Every structure is written in C-alpha cells, then in structure tokens.
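Chain nomenclature is as follows: A, B and C, assigned in order of appearance, with residue numbering initiated at 1 for each chain independently.
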Amino acid sequence: MSGQNLVERLSQRFGEKITGSNLEAIDPWIEVSAAGIAEVCEYLRDDADLQLNLLNCISGVDYFIADPKKAAKAGWEPHTEVVYHLSSTFNKHTLVLKVILPRWKGDVEGKLPEVQSVAGVWSTANWHEREVFDLSGVRFTGHPNLRRILCPEDWVGYPLRKDYEMPLEYHGIRGR
Amino acid sequence: MATQVDDARIIEFDVRTDEMLVNMGPQHPSTHGVLRLVLRTDGEIVSEVEPHLGYLHRCAEKIGENLTPRQWIPYTDRMDYLAGMNMNLGWSLCVEKLIDHQLSEKAKHLRVIIAEMGRIASHLVGMGAYGLDLGTFSPFLYAFREREKILDLFEEACGARLTYSYLTPGGATADLPNGWLQKCEAFLDQFEPIIPEYHALLTTNAIFVKRTAGIGVMSGEMAVDFGCTGPVLRGSGVDYDLRRDGEERYTEMYDGYAFEVISQKDGHYPKDHDYPAVPAEAVLGDCWHRFYVRMLEVVQAIDLVRQAIDRYSTASGDWGVPIKLAHKLPKGEVYLETESPRGQMGFYLVSDGNAIPWRVRARSSCFCNLSVTSDLCRGCLIADVPAIVGSLDVVMGEIDR
Amino acid sequence: MAEFFQQIWDSFFQTSSESPGAIAYLVAAVIHCVLIIHVVAVGALIFIWMERKISGRIQDRLGPTRVGGAFGWLQTLADGIKLIAKEDITPKDADAMLFKAAPYVGFAASYCAYIALPFSDGWVAQHMNTAVFFILAVLGIEVFSPILAGYASGSKWSLFGAMREAAQVVSYEVPLGMCVVVPCMICGTLNLVTIGNMQAGSFTNWLAFNDPFTFIVACVYFTCATASVNRAPFDLAEAESELVAGFHTEYSGLRWSFFFMAEYGSMFLVSGLAAILFFGGWHGPIPIAEPIAGVLSLVVEPLLNFGRYVVGFVVGDLGQVTEGVVATQIANLMGCLNFLVKGTIGVTVMMWVRWTLPRLRIDQVMTTCLKYCVPIAAFGFLGALVWQVNDLPTSNDMPVIGKNRFEVRESWVYQAEKELRTTSGDQKSSPDDQQPPFDPHQATGSTELVPQGAFVMKGGAR
C-alpha cells in the first residue's frame, strides 16, 4: 500500500484526527491529533492489511530555541513532538506517526502537554511512555502507571527539553 | 532492610504480614548489573515483580545532542557493552541513512564479519551468565575462554577489547590487519567443535532442563505486544529477524548470504539436526527455547562469518572511510533498527541541518525485553526470577543508556 | 588414653590407681579435642585449597599459584589471615547475640560429630556403641546454625536461606537415616568401629558391594549427604544467584569463615561416614596393610626398643615394647591414611558435582528428597533386609555377615544376658553356650582379647 493511499484511507476513516503527513521525508510520517492517537493506533494494529503489531519506539522531541534571534531563523514555532515508530512482523513494513503538541499545556509553563496513551494498544508503550514522560515531559492520559523511569522519582525537570537546566544540587550531590 | 517503595499499591500490601517485600538488586549477583527488582513474595512464591531502572542512566541521549555523530560512537559502545560492535553498526547505519552514504561491497562484508563475531561474543556471555544464574559456574568460564579469543581478534582490529568504536558512519576506522582473516577462520574452526560441550553442560543437562523448560512461557503474541525482539521474540516462535525483514539499508549487507531465521517452525529449528533435540518438557516461548535460540544463532553466526570472509577477500572497493568528524548533516529525521544480539536496536536521529544532531534517541531492545518481566514472573518461585530475567539476557547499560 | 595418662601420673607420683582419675580424663579429653579441631580446621584449610584447585582445573584455569609456592598451598591460610583482619560487622537490625552465636553453633556441631568418628581401628576420640546415632543426632543440630543466622541477621535474604535450609535439611534427614540404618542392620551394631572392622579384607567385603541393594543405598546416602551438608546442586540456602548469599549474607570476616569451616568439616564428616558405612572404612581395597605393618615393625620395633634402652639409662629401666603393639599401630596408621583418602575422595566428588551441575529449585529439591530418595532408600532398606533374612549370597566373606549376624549383639545386651545367666544360674539353657557369639577379632586376625561384651574392640578410647 503506498503512502498516499494509506493517508487517504486513514483520513477517510478518522477525519480530523489525521492532521497531516509528510511523504517526502526519508521516513515518511503521518501526523495524528493528540486526542485520536489511541484510536488510530488500535486501527493500525488490527487492520488486516496493515497489522502493525509491533511498536518499536516512542520518542519525544522538543523543538525550542532560547535565543530569539536564532529561533526566528529556525522555521518552526516551539513545540513538542511525540514520534511513534511502528512495524509489522507479518508484512515487514513500517510506519511513523507523529503527534505535535504545544510545549506546555495551554502555554502555561509547568503544565505538561497531554496526549492519549497507547499503553492499552501495545504493552511496549507502557515503559516507552514513561520514558518520554520522564525525559521529555509529556503527559500520557490514561496511562496505568505514569511515573519517572530512568530518573529518580524526585527529579526536577525534564532533561531532554531544550530549556532544561541541570539542578545545581541533588540530595547534597553537586550537579554542575 | 527497609524497602523504599514509591508505588502506592505496594505499600498497601506491605501491611499484610504474610507477604514480604524483597529488594533484588541493584546490588545482587544475578541482576546483570544494576537492575533492581522489587519482589512481593509469599514465602517462596513471587506474587509481583516490579523492575526499577535508571541506576546506570548516563544521559547518553542528552550527550548525543551535544556531539557530532562520530563523536557519539563511543557512547554507543557503552550502551550494550557486551556487543559494542553491533551498537556501532546500528548508529553508523542510521547516520549513513540520513546522509545517504553508500558503502562499498568490501565495507559491507567487513561489517558482517564484525557484527556476527560480536554476536557470537555477546551470546557467549549471555549463555555463560545464564548458567551462572542457574547456579553452575563452569560454563561461564568456558564461554569466557572463547570470548577472550574474539576479543583478541577485535583488539587486533581496532585496539580495544570492550568499547571498540570500530564501525563508524562511513565505514570503519581501519581495515582489518593482515592475517586477521586467517586468525578469524582458525578461531571458528577451533570454536565450532566446542559448541557440543556447551550443550552437554547446559542445554541437555537434566537439571538445566528442569529449571528452564516450561518456565516463563511467553506466547508469540505477548512477545510482540511487549515489543520483545531478538532471541526473546524468536524463542516464542515468531519468525522475525531484521537481518532478513529489516530495512533495505541493513538487509543489503546480508544480500546473497545463506541465512535462515532461527525460530521454531513446525516443531523444528533450522539446523537443529546437529544439535540436541527439544526436550519433551519444553514449551515454545519458555526460558529453554530462548536459550536454545541463542545457541543456534551462535552456530549460524559462525556460518555467516565464514561466508563473509570469503566474500570480503574477493570483494572490490575500500573498507569504508569514515565521514568527517564534523560532517554537516542534512535536515531531516531518520529511524533505523538493526538486529543486535539482544534484539532490535533502533536509533532515531533528528537533524536541523547542523553537524550536531538536534535529537538522538536510542531504542533499546533490552528495555522492551525487560518490560515483560513483571508479567512473566507473576506466580513463579524466587529461584525462577533469575532464570527468567537471565533468559531475557538484559544488559543494563543498554536499558538505562 | 585416660589410662595411659593415669599410668604416667602413677609413675610420676609413685602412686597406683585402679582406674584413671579425673585429671587423667581431662588431659585425655583436651588432647582429643585438640587433635580433632586440627582435623576440622586444617581439613577445611586443605579442602578449600583443594576446591579452588579442582574448580580451577575443571574450569580450564590454574587456581591459586602464588601463595606458598607453585601450587598455592598457602592460599587458604592467606585468605584466613585476611578474614581475621576483616571488620566484624553486625547489622543494626540483627539480633546481636544470636547473630554472633550462630557460626559457633554450626562449627561446634560439625566439630562435635567428629568425636564419634573413628579414623582407624580404635582411633576415635570417644568410643561409642551408638556412634552412628550420635553422629546423625549431632549433625541434625548443625541445621540450627543457618536457621539462627538467617533469623538473627535481620535480612530478608538470610531469612529465605534459613527457611530453605530448615525445609531441606530436615527433609533429607529422613532418607539419610534410612540409608544409614542399612549397614547398621547388616552388621547388627551402631558401633562405627565394629562396622568398619566387619569390612576387613578385600574390597568385596565392603558393604556397598554386599548386595545390590546396599549399593543403591550407598548412592542414595551420598546424594542425601550432599544435600544435608548444603553442597551444590542442593546449596539452596546460600544460592548466590537467588539469595545473594543466603543465610550468611550479613556475615563478614571470621564469623563467615566459621560457617565455611563448618561446611567443609561436615563435608568430610559425611564422606568419612560413607567410607565407614559403605566403603570399608580404614580397610584398603586389598588387605596389604597388616603384612606391610608386620614387615615394618621388624625394623621399627628394635629401633624403639633401643631408644627405650637409651632413655632408660636416664630415667630408669623402661623395659621392652609390648610384642605386636608396633605392628598394630603401624597398621592403624595405614588404615587412617586409607580412611582419609576415602573421605577426601568423597569430598572431591562433591566438589566435582558442584562445579558441574546447575542448582535445583527448592520444589525440585524437595521432590528429589520426598519422591525419589525416600522411596528408593526404603526400597533399598527392604531389599537389604530380605537379602539378609534369606541369607542370600553376598560378596562378603566375613563370617559375621550373613547367618551369623543374629549372634551379633550390642555389648550391653550381651552383658545383660550374661548377668541374667549368672543370676538365674541356668547356664545350659543359654543359647550362647552351645554357639558362642562370633568374635570379630578372630576374623580380623587380632590376638587381643575382648575385654567385655562382644563388640568393645581393641583400641577404643585408650
């Protein structure tokens, strides 16, 4: 199934939940809205043609440049992306989904952006979403156990955000 | 003795006197590094296992945002430190995919030799350490004895024994030295007849079979659902190996090789006629099968290295010159997975057009493989926990990154 | 030995006593204790070194090579010194008194059992008619040490180890006891010296080869003995890949090494017991000890007599060495070496097994015991019993084995019967008069008289 066909098919089925696509990229991707990702994923997993039963990876990418001069040249508004890499053990094909989120929910600094959890679709997502939450600061709604996974529970901040600053001190240990 | 548990559910159970919370790790002989498992046990029976990660978190992804891809190679070594070569390969291919760099035939065959030798070394450790988990020490040293010889070969090729940084974007840091291929072949000739020794000590040992057969049974669907890959997935009977099913950029390395995916089909493994038969107690997807898949993959890797040596010595082209240290990356994002010994190691690279990537992400195979522990260990005995975790063959360096 | 010291005492103070006094007994006891503690401690030293060498060779390594020469003889000593120098840590949550006592309990139990273990014909600290029973009973106490250690450590891993140990060792006592009963039944005594002497002659006289059932029982005994001293593949109480180190997780330094000494002590003990009960004790496979001893004594005896003669100039005439004593003692010494070699072979087999096999799981250990060892031991016991009762052919050419077994009595039974006879005055009705009890010394060729009772043998605790 070509990429164009797939995008059309998904758009037909999910309408506004498919918010865009880039088929020219090295790894073509489809953009899904934060509220529809679980539904779309469930369809992708169960559809007889696609059978994308393996969730390879969920990554959080933060787009933000502190320097306003450089930010103006960047060509994008600050945002956070959650990228889903799927593949199928039956058809041996892959797919990339993206959810584009604001860096902070309602642009209130400190309130994490929210996206539906797909932990109910693939159990892999459980830990991957915890990691994205831990390092990139994205809240996955409906996640059964959204806690930090790599950093200590009481760690402050989300290290893979571009505006992250290493704490000066952590439990008496010098940070910088 | 006091266990610090942040999980509210566990504290709730802590007031029950008949159950006990035990910390297995992070300092424990059989947690393969610094994995911490919080076991809720009722006597010898484990009712819940909660893995806690992060004790070896070294911020590799954050560091990757501050280094050029070639500078980041040493950090990939330290992910799966038992298969550094395969980590190098994964990252190199990912970078080459972004910059669309084509390798010569020779470089590809060199990579096959190195990657498969790395696979043998890694599986040897996995096998030996698994014996250790089950309480037998000798196979561990037999495995290390052979691994040392591989490390000697690697040392000769790149100067390092553990953190190689040998394969880099663009090819390798150097060509194989003169006479290396002969030494490698001599090693394979010497190593192959030893494998039945391992089978006698472990695979067919009655106690080993009793400890592993039917323990930690994971169906193929469950394995896929949890994102388990590599021998863990194939041990559950799923016929999926990126060396055959992966991306073009990766599979073309193996083009023309006689190669069969090691997973049980119709009750048989490919090439199992030379090796012990599956015992009657073993259930597809149990610890025994995961172990057996690794053992057969070693045999297959030997075969692949032999083929690669033949091709390498006649192939045209150079061994692949590394890209510049500060090679300017084109704008874009790529994701590429390779079949590392422990599963599918994926790298995700986002570039904004500078020499330094905007974001790098390592998809760890062990991270996903380990996530299945809680489900596999529910209701098993304490002694089964090392057996199950060991059969997943995790390396904490890769999980915590 | 007490008599010997009383003699010295008498000659020194120019007194004469009928029986040894308290001081003589005390001196004898101290000497016995010191000798045995050396067997345990030096034995542990050697066995630990041996284990390292054997495991090294099994694993394609060299093992220790530096300390004390090319073979690393003194490696264990160096380790021991290191252990003594280590800090003695008692965890905060531990029950300090029990925690500190536990290693000693284990060591004491393992050590005490040696009191009844004969090293050669009559070379035993305390000659007991119930030696088998005593050893089993004392070995049973040893289980308290891991239990105490596990309970008192205040660590959950230790507690797991203790619970496993309790379950395992208590279960394995059952088949172990059954197996031990078989040689006792065949020989009709619990006296280890007697059991050992009944296997004199060539190796066909060894009880393991007495009939097919005893061989099975010997194998089961060795399995259960391995389990009851917590050696791999039954070393669940200290399973390092599961329980960190089990019951001794929290121990360090010297206390920890006491557990090890106890472990190696009981390893040798159960192997020695196996040697006595099933494999001929101090009798070699071919009966060459006595002739060799006879020849050697031809040289040694005149030398000793000359020595006595020379010393006699100073302290007064000492007389000659008693005829035959030198030959007997040389034979005993060779028997002792025989016994040590057999015990060491048993220990070596345990090491070999340990470095080869994976560890069993707790339920499998219990299954092995209750589903396999107990029925097999019971079957072996029954089979051996039937064999004996029907007087089926055995490889044993000792007259005492077989039909005559029924004449074998414990000395106290014999004594009681004798007293009964003298009080009743009816001597003719006693069966012993028509058919006097078998005297094993005639079979072993000993000329020494049996002092009293059928089975108080030469040597003994003298």
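The rule is simple: contacts are C-beta pairs under 8 Å (C-beta built on N, C-alpha and C of every residue); 3 or more make two chains touch, one makes a residue touch a chain.
Please read these numbers as outputs of a predicted model, since none were measured by experiment.
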{"item": "Chain C reached from chain A - shortest hop count over touching chains", "value": "2"}
{"item": "Chain whose Cα centroid lies nearest the overall Cα centroid", "value": "B"}
{"item": "Inter-centroid spacing, chain C versus chain A (mean Cα positions, whole Å)", "value": "71"}
{"item": "Chain B-chain C separation of Cα centroids, rounded to whole Å", "value": "51"}
{"item": "Euclidean distance of C-alpha centroids - chain A vs chain B, Å", "value": "26"}
{"item": "In the complex with chain C, residue positions of chain B that touch it", "value": "1, 20, 22, 28-30, 43-44, 131-138, 141-142, 145, 201-202, 205, 207-208, 210-211, 381-386"}
{"item": "Interfacial residue positions of chain B with respect to chain A in the complex", "value": "6-7, 53-54, 57, 59, 61-62, 65, 97-98, 224-227, 229, 233, 238-240, 245, 247, 332-335, 337, 344, 346, 348, 350, 352, 358-359, 361, 363, 367-368, 371-372, 375, 400-401"}
{"item": "Partner chain B, residues of chain A touching it in the complex", "value": "25-27, 53-57, 59, 61-63, 74, 83, 85, 87, 89, 92, 94, 96, 122-124, 126-128, 131, 135, 145, 147-153, 159-160"}
{"item": "For the chain C and chain B complex, residues of the former touching the latter", "value": "55, 58-61, 93, 154-157, 160, 163-164, 232-233, 235-236, 239-244, 355-364"}
